[in-house]
Amino acid sequence: MANTPLVTRRHAVVSETRHLLFSVMPGAVWIFVFLVLPSLYLMAVAFMSNGPYGLPELPLSLDAFKQLAGFGFLGWSPGNFYTLLRSLWQTLVSTALVIVVAYPIAYYITTCRAKLRPLMLLAVVVPSWTNQVIRAFGWMNLLAPGTPLSDAAQALGLIGQHMGLYPSNFAVTLGLVYNFLPFMVLPLYAAFEKLDTAQVQAAQDLYASPMRAFWHAVFPQTLPGLLAGTVLVAIPAFGMYVIPELLGGGKGMMLGNLVANQFAGGSNWPLGAAGALLMLLATFVGLFAMRRIGKRLGGGEEVVI
Amino acid sequence: MRKRTLNRGLAGFWWLTLAFLYLPLAIVVLFSFNSTNSAANFTSFSLRWYHRLLGNEQIISAFYNSLILAIVSSLVALVIGCLIGYGMYRHRHRRLGWLIVLIYLPIVLPDIVFGISEMAFFVQFNRLTGLLEPGLGTMIIAHVTFQIPFVALIVYSRFVGLDPSLFEAAKDLYASPFQRALHFLLPTLKPALISAFFLSFTLSIDDFVISFFTAGPESATLPIYIWGAIKKGVSPEINAIATLMIGAVALAAILSLLFNRQGRR
Amino acid sequence: MKTITTRVVAGLGGLMLAGAAQAEEGKLYLFNWTAYMDPAIIQAFEDKYDVEVVQNYFNSLPEMFAKLNTGGVSQYDIIVPSNYYVPRLIETGLVQKLDKSKLANFDNIMDQFKNTDYDPNSDYTAAYQYGVTGIVYNTETFPDAPKSWSLLFDPEVNPGRPFGLMGDGQVSMGAACAYLDHGYACTDPEAWKASAKLLLDTKQRDNFSGFVDGTPALQQLARGVTHVSLSYNGDYLYYKEENPDSFANIEFMIPDEGTEIWVDSMMIPSEAPNPELAHKFIDFILDPEIGAQLSNYNYYSSPNEAARPYLDEVLTQPPVTPTEADLERLSFTPSLEGDKLQMFNQLWTEVQSR
């Protein structure tokens, strides 16, 4: 008799577990089969050797990683290193620029009338609903030789005669900033909206200069939003494929292009897979670092999204 | 005084940023009405590219492919994601760390890694079994994979926002779980479901890289077609197609605005 | 709206059966270069056999090869690769032998395009068209252009005008080899290294605008995005005919250091869904009048001996048919395999990424 409640409880646990399985399993299995397995397969490809025509073959080898590091038939060559540096540099510069633009914008929206704010946010986000290929195409049209912007840049001596602003590394940076701006504005706006004004007021009384008031009272409060935005911008920017391909014109190759070329140009699957693995690694390191920083700053909040 | 200057400066910056955001799109729209195929000079107003577009079978089929892909994948993702969202809420007191990791994976994975993994996997799978040949089927699978997390998170946060006692009340009111789902869960979820579907749809339409790597010979979507046309440099209709897509986005923006207004009332 | 609903339902059904062989009776999947096929020929073929032809396009051979490797081998019935990709297609088992008994018109092909180096017994290929890769440039910008690769590679000849190089690495490399007097068809590692170095230096120049494939290169030229680039003789004439105004100042040239001549052939992928129909299509193209119609449409030389009487006048003159002197300077792009191919790929990746 005494064990009846136990049985019911166990029964309840079993049925709860069954409920959990039924509700969560279809999706979990789906993601596992169609994303985790493929990623694992891709990792395996990185450790295979390159067949005579670029397809992965056994035996296992570390050749792909050696090639990625620049060791090949010709001894060491810095090509891939350049690509990696360029990816890092573009990510860094575009993320910084995005922050510089998004920060005042997000603040400005919070100072506007409450009724206007959703409209303003929408105005920032709507361009990103169009396809990124279309957006890049718009910039191709704007920056090509002979367009007003290119003519102006020529007149200022920024680019050579007869040249256009596109294709160039500058066009890639611009494309990246354009592409990712909304990703930064949204989380920053959320942070500004939650700003504790009493604290800001106190700071204004405490510190004479508005600069110091900003630095000590406003900035720390917006940091979680800034970090979230940085994650949302930097990770996809680092792996960008479309923008360098369309706007870079052969000088702006980034890691995403190196990886894609090994598959879409049919030359070396293991090398492409190794590059993808590097990208994955960078992504997780970036996420982890952001989380750590976020925690240390005492945000305590979920930084990602 | 100083504050006013700051505000005025900010307002100016705001309008400048808006110009930056909309200039490339405006150019595309403007030149879709250009009578000559030039990006530098606007000659005169003409609808010739729209006429050519309507006569182009490939564009029309790409349009249908985009639509089918977006609708089907969003529907599938809605069902699966909704279940996960509910499961996550209902069992939120358990240790579901593995599930969170699994759900965030499609979100954080760079597009290119995502697309290439799927492609390599589908190719290998197809070689071994003859199933999953590249085409609309594989594209739908890939799209559902990146849509599920967003649906799940939206549904989950809707549940979290509810008063827990509502669930107790529903339990008392409706005996069978099925009735509960029909009369309580679905109606409460409706706004979340609509916005989740909307978001999935947008994500699908917006995607290029993943579609590009999982597509087959007959499943080119509009972005894939445009990409090909840019690469070939042969299709002056690009401006016209892009303009139609931009128009659709503008329409969606207006709808979502109206919908929001109504929701608040 | 109803059709969309039906399609959505069909799409859902399709998801369930994803991959269940899509081969439909009466469909031919053609994977071809862009602007290379007369729509009227496709229409005639569709009418004659009551079938549907689905066309897909590629811009470069690496792209075509990659597509075949990623599932295309069982999705296309006909591919049209150039000579130097034929050996690797055969060796990787991506193509199947032709059944000559089904190709009554096979003998129409000129002897020089049968039993070739790249397909010794003509087991796999049926020649489609042949042509020349050369320099296209703006005569307004370069009124005294030398008949030489220096137009691309010498900064003194072109100090400030934007220019492009070919997206297919083997062609760009060949051009650099030719400019350095190693000959277009060079495969010597030292010559390659020197050429790769030249390509790198060239790429670093401020007025280098990018690696482009042959067809888009022409559009860039017409739009003034570049002023000199690499492209094909037939495409040049085709677009000039289509848009005489934009191409008024664009000229095609065969440099004296030599350049590429190529042959594109029709081949059938090893797992083609409909090889029967593919053979019918090849035979249809090899028909004398259809072969001539094709050349008259795309401005490339016909390898079809029997088609000669039906060819337009323009096809017998330069640039479609080069002068004797120019012809001697043309060579095929070498097919690469094994270590050579890997070495080349590394050099090319290096050129692209720096």
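In order of appearance the chains are A, B and C, and numbering begins at 1 in each one.
Assume a contact is a pair of C-beta atoms (placed from the backbone, for glycine too) under 8 Å apart; a residue touches a chain by one contact, two chains touch by 3 or more.
Owing to the predicted nature of the structure, the values given are computational and were not obtained by experimental measurement.
*Asks:* What topology does the chain contact graph adopt: line, ring, star, complete, or other?
*Replies:* complete
*Asks:* Return the chain pair with more inter-chain C-beta contacts, choosing between A-B and B-C.
*Replies:* A-B
*Asks:* Between subunit B and subunit C, tell me the centre distance in angstrom, where each centre is the average of that chain's C-alpha atoms.
*Replies:* That gives a centre separation of 36 Å.
*Asks:* Averaged over CA atoms, how far is the centre of subunit A from the centre of subunit B? Could you give it in whole Å?
*Replies:* 17
*Asks:* Mind pulling the residue numbers of subunit A that touch at least two other chains?
*Replies:* In subunit A, 144, 146, 263-264 touch at least two other chains.
*Asks:* Considering subunit C alone, which of its residues make contact with at least two other chains?
*Replies:* Those would be 69-70, 223-224.
*Asks:* What are the residue numbers in subunit B that touch two or more other chains?
*Replies:* Answer for subunit B, listing residues that touch two or more other chains: 39-40, 119, 122, 141.
*Asks:* In their shared complex, at which residues does subunit B touch subunit C?
*Replies:* Subunit B reaches subunit C through residues 37-40, 64, 67-69, 71-72, 75-76, 119, 122-123, 126, 130-138, 140-141, 216-218, 228, 231-234.
*Asks:* Report the residues of subunit B in contact with subunit A in the complex, numbered from low to high.
*Replies:* Contact set of subunit B toward subunit A: 7, 10-11, 13-14, 17-18, 20-25, 27-28, 31, 39-40, 80-81, 83-84, 86-88, 90-91, 94, 99, 102-114, 116-122, 124, 141-142, 144-145, 148-149, 152-153, 202, 205-209, 213, 222-223, 226-227, 230, 238-239, 242, 245-246, 249-250, 252-253, 256-257, 260.
*Asks:* Across the complex, what residues on subunit A touch subunit B?
*Replies:* The touching residues are 16, 19-20, 22-24, 26-28, 30-32, 34-39, 41-42, 45, 101, 104-105, 107-108, 111, 118-120, 122-124, 126-135, 137-142, 144, 146-147, 178, 181, 235-236, 238-239, 241-242, 246, 256, 259-260, 263-264, 269, 272-273, 276, 279-280, 283, 287, 304-305.
*Asks:* In the complex, go through subunit C and note every residue touching subunit A.
*Replies:* Subunit C reaches subunit A through residues 62-63, 65-66, 69-70, 88, 91-92, 160-162, 165, 193, 203, 206-211, 223-225, 227, 337-339, 341-343, 345-354.
*Asks:* How about subunit A: which of its residues touch subunit C in the complex?
*Replies:* Within the complex, subunit A contacts subunit C at residues 50, 52-55, 67, 72-74, 77-80, 82-83, 144-146, 160-164, 167, 248-251, 253, 258, 261, 263-268.
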